[in-house]
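Both complexes below contain chain A, partnered by chain B and then by chain C.
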Partner chain A sequence: MRKETQASHTALLCVCGLSQLVIGTAQPSGLPAGVLILLFALSTLVQAGMFRMLHGRRLLASRFFLWLFAVLLLFAVGYDVVRADRFYRAVTSESFSFQWLMVSMLLLGWYASRCGRDTLLRAAQPVLALLLISLAVLGVRGNYRLEGLLFVQPDSSLLPDAARAFLEFTFGAELLIWLYWQECPVSAAAADKNISAQTARIDPAKTAGWPALLWLRSAVASCCALLGELALGARAQQQPQLFGALSLISAGADSGHGGVMYHCVWLAALTLRVCALCCTLFELEKMLFRQKKTPVYFLVLMLPAAAAAVFWAALWRQNCQSWLAGAVLVLAAGIMFFVKRGGRNCANRKKA
Partner chain B sequence: MQPEERMSMSLAENVQWLRLQFMPSEDLYIKNVVIGGVEGTLCIFEGLSDLEKLWVMAGQAMSQLPPLPPDGDSVLEYLLTKTAIPLDKTVAVTQKQVIRFLTAGAACLLLEGCDRVLVISSQSQQFRSVSEPSGEGNLRGSHEGFVELLRVNISLLRRLVRSPQLHCEIQIAGTTTRTEVALLYHSEKCPQPMVEKVKKQLQSTGLDMLFDPGYLAPFAVRTPFSLFTPAGFTERPDTAAAKLCEGKLIVLVNGSPYAMILPHFFAEHFQSMDDYLQRPYFSSFIRLLKYTAFLVSVLLPGAFVAVANFTPELLSSTMLFKLASAQMTTPFSLFGELLLVNFLLEIIREAGLRLPKSIGHAVSLVAALIVGDAAVQIGLLGTPVLVICALAGLCSYVVPSLYEPGIVLRLAFILAGGLAGPVGMAMLGCFCLLDVCRPSPFGIPYTAPVTPYSSAVWKDGILRTSWRSLVRSSPFTVRDLPRKKKKEGRA
Partner chain C sequence: MQIGKKLKVAVLLPLFCLCFVLNGCMLTGAVQSTALDSRAVVRLIYLEYAGEEYRALTAVCDFTKTGEEVSTAAFMQHAQGSSPEQALLSAAQQRGGRAFFAQNQLLLIGPQLAEQKLAEVLQYFAQDHGAYRDPAVWLWYGGEDALKELEDPMDFLQRAESFTADDPLGCVSYVLEYEPDKAAILPVLELKEEDAPVMQVGGLAVAEPGELRLYRDRTVLQGCGLLRGRQSAQLLTPEYDGAVRTVQLEGLRRSFSVQNGRLRLTIEGSGSVSVQLDESAREQLRQTVQQTLADQCLRAWSALTLKGEEDLFSLDWWIRQLGADSGLQPEFTARIRMT
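Our next item is the complex of A and B:
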């Protein structure tokens, strides 16, 4: 892989990972920063172990797995739209129609999938630069107080929230997207060698830097939780959008004019993540309907994404996050099972 | 494809055919002559070819021929090989060639009993003298600009790049206009597949008429609809020569003083020849200034309406007060006002551009009085809106080559900011980013070397380092940029 391509891939992976962290899902309400940091570290250990298990296996070997992956992506798209809506409602007093937000994000996702994977890879670098600048500025300019930090009290009432936080952080769709984007070749060179997304194996050499990326993700999430508590103290546990609240507070403390800039950059990063998800969906669609190239099949996939978004929005308003965590867990378990089965089948065929 | 029809052996038939082709064109001059005892006919187009020059050059040589066998072929061979008449390097043998040479300003000599036509270079076309380009001013460096005549433009480039590797290929495009198109490239620095691809695409345009390289841009770089075109244009021979040295292709069209540069990247819109003649710190500063001006011209009005309408708490109280007091006096909303003023500015610009210069000044005066003064005084428009629009308009002139996408994007951002606030701005920003990252002419990203990131961005991209530093690194050509073989995306 060329150096530039590697850098672009890493940039996109970082945007996908960081966008959901800054938007606020990595800081579930109700838990002190100390607990969250422990949970994030534990999750990262589990994730690293899972990726080690996948080495040498075929990611998209079975058709059933393709469908499952597509469904997971649909839910991820829907959930991200809900995240964007929640974030926007939390950081501004002005309301914006959820339907319009969903339509515009899905349209952008469709456009991104038409543009292709390379366009997204190129677009990721400036967005990542903006994202990092916004985080750096926020980190420097924030009004933090050490006395805001809370002591971790072992309490059984924290367990449901902790379990949910652990599941959400461990089985996020973005991890599969990372793997897919890193591992599935679509280049002409790969096609010449008869390597397709379905026959490509997960190469341990290529994913050597993954543990570092996973730990980086965990570190950023921990920082978000810590900074939130430093700035907001006990109120941080009641804030569903820690980073949004933090940005408003620190921007307000300084000049009072910068908050909207952070929000625009973070929304753009989340939109790019949705675009990456849609682009992957589009590529899966090509694999699923190889003989039929009409774009109507993409609509077949996109319409459920919209339905999923509405569904998750409804769920969220009823405060049923545990449903979401459960669904993600079931899907992730299914994916792991089929990846393992695909790997075993391949090995058996090889032996035969 | 049908074979081209050859000229006849009979002079009468050839003359008859010529008359049929061009009559009743009054400017076709046909004169019967006898050369070495053989009947012949001289044909030229008045204005394209100079009759006096033709007689001075060829008249004497043709009237004093030694005794020759009285057949057309012998006379033609003698004139071709043994006289000092300035002849074209090729002899026309087909009817199409004869028409091509005649319309290019050459004189054609048809002889009895000979199916070949002698082409005498007696062109005498009027053209504008080489002068300073009107749209690309420079403080230092060359003050020469391209002119409308293709051969002059080629010579201007040849004079600057005196290298045997500078190749010039000429094609004919436009089924009706039959315009000459020159393709220039440095054979060592320009990738050969790129040259072949452009040649093939230019040959298959199917254009009926061609007056400017702009006609060819959509065919040369076949990207789907995008706000940004990966083809650049210049009026300056020194800029075109510099691009040739970077391994790019230059397309010149007869009748146009513009050269098309292929491929052209986004970062190049912010570069000018002056950058390389000034101190590097100042050049870098100017480039950063241009980037900022472009962003201000595109984003400022949209951001202003988004913040004022959706998050007014982010404005300072003084600003908010001034804005509110200005809005109280106007009948339009802030959003409507911004749209109106931007449309008005564009109308004024267009009116000033197309009208004769004397009336153009009057348009500017009327616009300044009505829009700038009267509209504010009667309370039709607010001062803050006018200031914002004027600032954005001013900034858009800093990068003239990006004016077209800039103005469309500015209006789009006003719409997005006015209707959807920060969400709209973020979404449209994403769309623009995807759009600018999309074109990939010849497999080289339009956004190179910014993204995919390359260290060239600090050497001669967003910033510029000194010549000493640039010389130390190997000369930059398009071969050094990341390329991809496969056509990406579906669109």
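Our next item is the complex of A and C:
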């Protein structure tokens, strides 16, 4: 990977990660910042361990892993579409149907996947700059009180929420695509039929910066949790859209624009994230079906993604988090299993 | 192959462009949304609880445009409902138009509601924030009729809004500042009609489920602002040496320390006197001012936290942070630099 590509990949990764933090989930976290910070640290340790296991493996050579990867990304796309819908609903009073948002986001994702990864990489840096500026302004303008910080009292009633937050943070989709980009750095290569034969192993030298990146991610997430609690105190853990609430307060202080500037930037970042996921998904599907451009891809990509979005929407409406946690755990176990298997196959092939 | 390519460019590309433009219009609300001047723009909400029902009164603004000038008029509309949301929406939309709450900055609460259903209402406003801006909370004893019979509702609205923004005593709280499961300090908004209508803080009330205690003492009001660290300036008129002196205090802030295991809250700041005084007189005046400030804090603290157990000013945080002995009763002092 050339140096500037590495930098723009990192920028895209940052946009993906930050947009996930800023656009909240449907459920309030229900956890004090102290617990969240502990969870983030723990999850980063787990992630670092996972990445260590991946060193020297050829993930893309395993067809099953490609499938798993694609399915995970599909669910991630659906999840993000639903989150965009929740955010949109929380910060505006416009009525806007979920179907339209889904169709437009997926269309955009499909368009992005046609444009290719290079286009996204070029778009990433300005969006990242805007995102950082918006966060800096929010950080400066809020009315923060030290007394808002809560003293953590660990309690077994926090466990379900903690498990959800842990899973959500550990298996962020941006880490998946990062992994994929490392193995398959140039988007032009993805168009090639024999991509899986060409991919290199995950090179320990190339991945030296990973732990630092992971810790940075967890540090930023911790700062966001702290910011929320400093501004809102115990109300922070009850907010489904923590940053939405912060932006309303910050903007409401003197001007009437209601934080629209923040929301525009954040939605743009989320859109870029969805585009990046779709693009990666598209590249994966090209590998899986070993064909070049046909309209079938459109259906192949969009229908399951739409199905995934509807699945998440239905899941959230019924508020069954244990379901979600279970599904993610099974998927994670699946990944680990196939990573191991892929490694063994690799070793066998070497012997032969 | 050639034909296929041409077809793509000629038909598919414009089609997709059209799709994106349409989607963009839908997303930005250009298709379905209602313009602001044809919506019911709510600028003030009054909520009361009576007979198992919520009563809501909303000030809805109308815009009329004559040439370049836009004039606004407010209309008071009221309705009832079994939930705050129901009452609010039916009050706001009485004269047609979808309700728009994003410009609302004031939430007036009736005494019955404050006593019985405050937590529910604050929770509603804090969570269901679909474009609610975080409004300031006032207790309003005037009742619904006083608001309905206002001669010029728009004038009342503007006065209330600017008074809330000025916040002279540092006692205004916003919905998101109220912590759940904690007693709430509600400032009382009063309209005083002398020569001209004037807004003022009529006191402070501490609301707990099933209980509402009201304090009208001005010392308590000032002390409350100091204790919360919101009041940065004060005008004191202590009597000294047979004459009333005017002391302008500025840059007031709190600092916390621990003295003999007890939390000590010190008010720091600077004061200036208009007349020339010699060194010893200045020193004595300084002592008087410091004593007054410490008294204000003590009065506010002992009045509002009636049993000395509630932690209304988040002192508990500082006690734990600084490692003072448990038991809330803090010590209040002041340190003023006279210039």
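As a working rule, the second predicted complex is superposed on the first by the 324 of 352 C-alpha atoms of A that agree within 3 Å, B and C clash if a C-alpha of one lies under 4 Å from a C-alpha of the other, contacts with A are read in each partner's own complex, and residues count from 1 in each chain.
Assume contacts are C-beta pairs under 8 Å (C-beta built on N, C-alpha and C of every residue); 3 or more make two chains touch, one makes a residue touch a chain.
Predicted, not measured: the structure shown is a model, and the values here were computed from it.
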Which superposed partner A:167 touches (first chain B, second chain C, both, neither): neither
Touched partner set for A:101, first chain B, second chain C, both or neither: both
First (chain B), second (chain C), both or neither touched by A:112: first
Partner chain(s) touched by A:92 [first = chain B, second = chain C, both, neither]: both
Which partner, chain B or chain C, touches more chain A residues: B
Touching partner for A:224 - first (chain B), second (chain C), both, neither: neither
Touched partner set for A:281, first chain B, second chain C, both or neither: neither
Partner chain(s) touched by A:73 [first = chain B, second = chain C, both, neither]: neither
Contacts of A:244 with chain B and chain C, given as first, second, both or neither: second
Partner chain(s) touched by A:123 [first = chain B, second = chain C, both, neither]: first
Chain B and chain C contact sites that coincide on chain A, given as residue numbers: 92-94, 96, 100-101, 104, 108, 111, 256
Contact footprint of chain C on chain A as seen in their complex: 89-96, 100-101, 103-104, 107-108, 111, 145-147, 149, 151, 231-235, 238-241, 244-245, 248-249, 252, 256, 258
Residues of chain C defined as touching chain A within the complex: 16, 19-20, 23-24, 26-27, 29, 32-33, 98, 100-103, 105, 123, 126-127, 129-134, 174, 176-181, 314, 317-318, 320
In the complex with chain A, residue positions of chain B that touch it: 306-307, 310-311, 313-316, 420-427, 429-431, 433-434, 437-438, 440, 445, 447, 450-454, 482, 484-486, 488-491
Complex contacts: residues of chain A adjacent to chain B: 2, 4-5, 7-8, 88, 92-94, 96, 100-101, 104-105, 108, 111-123, 125-127, 186-189, 191, 256-257, 259-260, 263-265, 267-268, 271-272, 275
